[in-house]
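Consider the two complexes below, in which chain A is the common component and chain B and chain C are the respective partners.
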Partner chain A sequence: MKLELHRVKIHKLAWGKETSARDGLLTVNKEELLTMLRKDERLAKVDLDFASPGESVRILPVKDVVEPRYKMEGPGGVFPGMVSDVETVGEGKTLVLSGAAVVTTGKIVRFQEGIIDMKGPGAEYTPFSRTCNIVVILENTEDLDKHDYETACRMAGLKTAAYLARKCLGAAVDSVETYETPNLKDAMAAHEGLPKVAYLYMLQSQGLLHDTYLYGVDVKKILPTLLNPTEVMDGAIVSGNCVSACDKNNTYSHQNNPIIHQMFKRHGKDFNFLGCIVTNENVTLADKKRCSSYSINLAKTLGVDGLLISEEGFGNPDADLIMNCWKAERAGIKTTLLTDEYAGQDGASQSLADSTPEGDACVTAGNANEVVVLPPMDKVIGVPEEANVIAGGWQGSLAEDGTITVELQAILGATSELGFTKLGCYTI
Partner chain B sequence: MTYRIIHYINQFYAGIGGEEKADITPEIREGVVGPGMALQAALRDEAEIVATVICGDSYFASNLEKASEEIIEMMKKYSPDAVVAGPAFNAGRYGTASGGICEAVSKQLGIPVVSAMYPENPGVDLYKRSCYIVETTDSAAGMRKAIPAMAALVLKLLKGEPVGSPSEEGYIERGIRKNKFYEKLAAERAVDMFTAKLHGRPFVTEYPMPVFDRVEPNPPVTDMKNAVIGLVTSGGICPGGNPDHIEASSASKFGEYDITGIKDLVCTEYCTAHGGYDATYADQDPDRVLPVDVLRDMEKEGVFKKLHNKFYSTVGNGTSVASSKRFGAEIARRMISDGVTAVILTST
Partner chain C sequence: MSCRRLLITNNPFLSKNISCSLPVEGTSLDVLRITREHVHGGWAVLSSPLYGNLRPHQHPYRSVLIEKSESQSGEVDLLSLELIENALLIYTSQEFSILSSEGMPEEVREDFACIDAELMKETLERYRLFPRQGMEGRYL
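What follows is the complex of A and B.
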């Protein structure tokens, strides 16, 4: 499977008559995009705004972030099972508006959305202070069921991302990256002498709005399966999550999964990277046992020597992470874990909810309970009062002058367990 | 600027006497006393020891709160920027007093504190979470090494400079997790560690796996007929509008709610404060999380004697073990004093 990512670099946004990309400027036809989004009868109101790096702008509550991509060539389309048909993706050529991001906001579920600051200390923590953001502001119709509202929001973000990139087909491309994974027969024969490895990609599936989709399938209904890394780049995995903002894997992070990119970098030098095993994080013990055993059996069947395991979320999914770890280690497969921590505001409590002696190689993306102070911004897109109730905030988080004092967990992507930030933790 | 430091030492290092003088009450003297001289030299002109507090080890140990209060009052007059206590080496009561005064100063005055002890000094386990304790040898022979490390650390804290790891700075690990930005993305660090482990090369985990205290379950209730049942939940059920503002995640409190005469938790009166799950079904019928309705039926049928007239609720989502322990102990205390004999705990 061979995929070329054709990157059109974006570093500026403007409204205009025609949606297009030229010389780093992404022009958006606001009316055309709004007309498309307003077709969804579940939405009472849709609006658009921009937020660019360095501007004194705060967006909250943010539901998801999506990178604009569209297929130029090859089978299927982006976000299969959501925006496109369910044809297998990951081959051919895909246009990427690099540096642009679609951000969905609105008073969505209740507690579980996040904050993006484009400037100041908050900007240091979120990767989305460095993207030119097209913000989609959504409001539901009265009495709309929360699950339907979540679907409407998710689809609005995906459709906007696909629309923007589709309109820019034909724009001058700044760079082309090629990713290629052979079939298993050839992969097994290649790189003799190097250890064979896979990436165990855990997806949030606790249900009740903690959902992730694979080719449009709710992953709580899957058994663990193999996935080609390039499929992920075409949007085969989509976030439907309404859960603590810091460590939910938003769609943008899936599309750009840095673990996959790092594995490709080392492939053929330090190890032979065979691909991804995707698994879920369901809530019942039977599901946890079934899917951890099934995942590790897939790894054993592939004959891998090592598994890099990334978690999504915290608490309940810690049990899945730990089960995956010890089952792999006891099968003779070496593991490294990527997680984050909930060690309390003072950092003095245990960081994970479960533990195993086999988890001797663990990288963390930071303590999500640590408190940060976000000074006021000149402009707020969304509903600032949500700071008092979102996960990570408390009554009084929002001060009269607009300052927000919250735990890091309220900042979108701050402790990304796909390792999208440089944050980490150490013991003093 | 020159920072103002107060040094805390015991009766022995002040040259007053040994065990026979260990019950002397605290006093404060201007300037340096005993080991303060070396400490002042190590601080150079960046900080000045403006006063020294001297207290008998036994006095402090037998009057913990009173002694702390007296000493803090004495210190306030000198408006210190930081307090340094010890080094106490392996002297147990001196270590406990040094740690105790550091903790009290940190909490009440909110200024940097540094002590120094031998790792086996009982003061270490008691106070390492509250303050930085520089590692020393077990006797005063280690003074020459301890003093510069203490001075360097307190100056760093005064200047607000980032404090490095225990091995870099020479203090005893406090067991506190702190965030920092690394040079590399977490994903790259993970793949680096993965590669090292695969090839049998040395690596250092970023988080050694936690250790938990396991709680043995109590034996089952044998006399259900006479049981008084209490209800406790981490599922966030509370009266409508969440009057106590229990946080959606990382709860700082629990609520106590009276259910005298309530047969059913109806959606117009109750809801959940929890931010870790979709609240739709809990809000539709809060009994799904906290089954008051079924328990009222069972109470009527005489399955048990009584449903306790209060329930306790907090949010488990992202809440630290330390907070949970604190809530649990207080809830248990209240229920025991109210005569509750068995508890149903519901999670989510």
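What follows is the complex of A and C.
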């Protein structure tokens, strides 16, 4: 499979008569986009706004972030099973509006959405303070079922992202990246002497607002399966999540999964990267046992020496992470775990809900309970009072002057377990 | 009514709608303590006792589905015991900050009840513990 990502760099946004990209400027025809989004009768109100890096703007509550992408050459279309048909993706050419992001905001079920600050200390914690954001502001019709509203919000973000990139087909491309993966027969024979490694990609799948979709299929219903990493770049995995903002894998971070990109970079040098195994994080204990055993059996069948495992969220998914770890290790497969911590505001509490002696190579994306103070912004897109109810906030988080005191948990992508975050350790 | 599977819950929506439920008048910690008593009595947990993505001070409701062992020996299921003890360790370390639904505005309680019910829905369907009424609509 060979996929080319054709990147059109965006560093400025403007409203205009025609949606197009030129010289780093993304012009958006507001009326055309709104007309498309307002066709969804589940939405009582839809509006659009911009938020660019360095502006004194706060967005909350944020549901999802999506990178505008569209297929230049197939097969298939972006976000299969959602906005495109279910044809397999990951091959051909895909246009990417690099530097632009679609952000959806609207109250669904309180307490599970996040904050993006475009300036100040909060901006240091979210990767989406660096993107030029097209914000889709959503309001549901009265008495709309929560499932339907979540679907409407999710689809509005995906449709907007596909629309923007589709309208920019033909724009001058700044760079082209090529990702190529051989079939398994060739991959197995390649890079003799290097360890074979796969990526076990854990996806949130616990219920309403805790779901992820693979080719449009709710992943709580799947058995673990193999996935080509380039399929992820075309939007095969879509977030339906409003779990803790800091460590939910929003759609943008799936599309740009840094684990996959880094594994491609080191492929053929440090190891032989064979691909992804996607699995879920269900509530039912039988599923936890079944899917961890099945995932590790797939890894054994591939004959890998090592497995990189990333978690999504925390709490009972920690049990899935740990089961995946010890089952792999006891099968002779070395593991490295990528997670984050909930160690309390003082950092003194137990970080994970579960542990195992085999989990001796663990990378943390930070303590989500660390408290930060976000000074007031000149403009707030959304509902500022949500700061008092979102996870990581509390009654009184929002001060009269607009200052917000919250845990990192409330900031979108602050402790991303894919490593799509601004926190990290650096050797100096 | 004798139930082989039992939902221990302090979520009023679930205790009202699930026939085989043990309603708990208390906090999420009380739910876990009652679950532990049942585990010592030979019951096994079918759903994880820990919440996903919310800490004990962030949600007032907790629901755990358990199953009575078919054997008469009353043997304790060790995995269930480990899971419930791990969960209790986390909850008791934050005992004084555990969120209670008491005094909470109705719309906030409804959202919490909705999420708790949604997290249990898949498990309840799996074990054929369908709610008496549909689980759509209002959650209180």
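By definition in this document, the second predicted complex is superposed on the first by the 422 of 428 C-alpha atoms of A that agree within 3 Å, B and C clash if a C-alpha of one lies under 4 Å from a C-alpha of the other, contacts with A are read in each partner's own complex, and residues count from 1 in each chain.
One rule holds for everything that comes next: a contact is a pair of C-beta atoms (placed from the backbone, for glycine too) under 8 Å apart; a residue touches a chain by one contact, two chains touch by 3 or more.
Just so it is clear, the structure is predicted and the values come from calculations on it, not from any experiment.
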item: Clash-or-fit label for the pair chain B, chain C on chain A; value: clash
item: First (chain B), second (chain C), both or neither touched by A:139; value: neither
item: If touched residues of chain A are counted for chain B and for chain C, the larger one; value: B
item: Chain B versus chain C as contact partner of A:210, first or second or both or neither; value: both
item: Partner chain(s) touched by A:220 [first = chain B, second = chain C, both, neither]; value: second
item: Partner chain in contact with A:285 - chain B first, chain C second, else both or neither; value: second
item: First, second, both or neither for A:314, with chain B first and chain C second; value: both
item: Contacts of A:370 with chain B and chain C, given as first, second, both or neither; value: first
item: First (chain B), second (chain C), both or neither touched by A:174; value: neither
item: Touching partner for A:243 - first (chain B), second (chain C), both, neither; value: both
item: Superposed model, chain B segment overlapping chain C, candidates 40-48, 76-84 or 274-282; value: 274-282
item: Chain B and chain C footprints on chain A, overlapping residues; value: 109-112, 145-147, 206-210, 243-244, 314-315, 342, 344, 349-350, 389, 391
item: Chain B residues within the chain A interface of the complex; value: 129, 132, 163, 165-166, 171, 173-191, 193-195, 197-199, 203, 205-212, 245, 247-250, 252, 274-281, 316-318, 320-323
item: Chain A - residues contacting chain C, complex; value: 109-112, 145-147, 204, 206-210, 220, 243-244, 248, 281-286, 288, 313-319, 342, 344, 349-350, 353-354, 389, 391
item: Of chain C, residues touching chain A in the complex; value: 45-55, 58, 79, 83, 86-87, 89-90, 93-94, 108, 111-112, 114-115, 118-123, 126, 136-137
item: List of chain A residues in touch with chain B within their complex; value: 109-112, 124, 145-147, 195, 197, 206-210, 242-244, 258-259, 261-263, 265-266, 270-271, 305-306, 308, 310, 314-315, 334, 336-339, 341-352, 355-357, 359-370, 389-395, 407-409, 416, 418-428
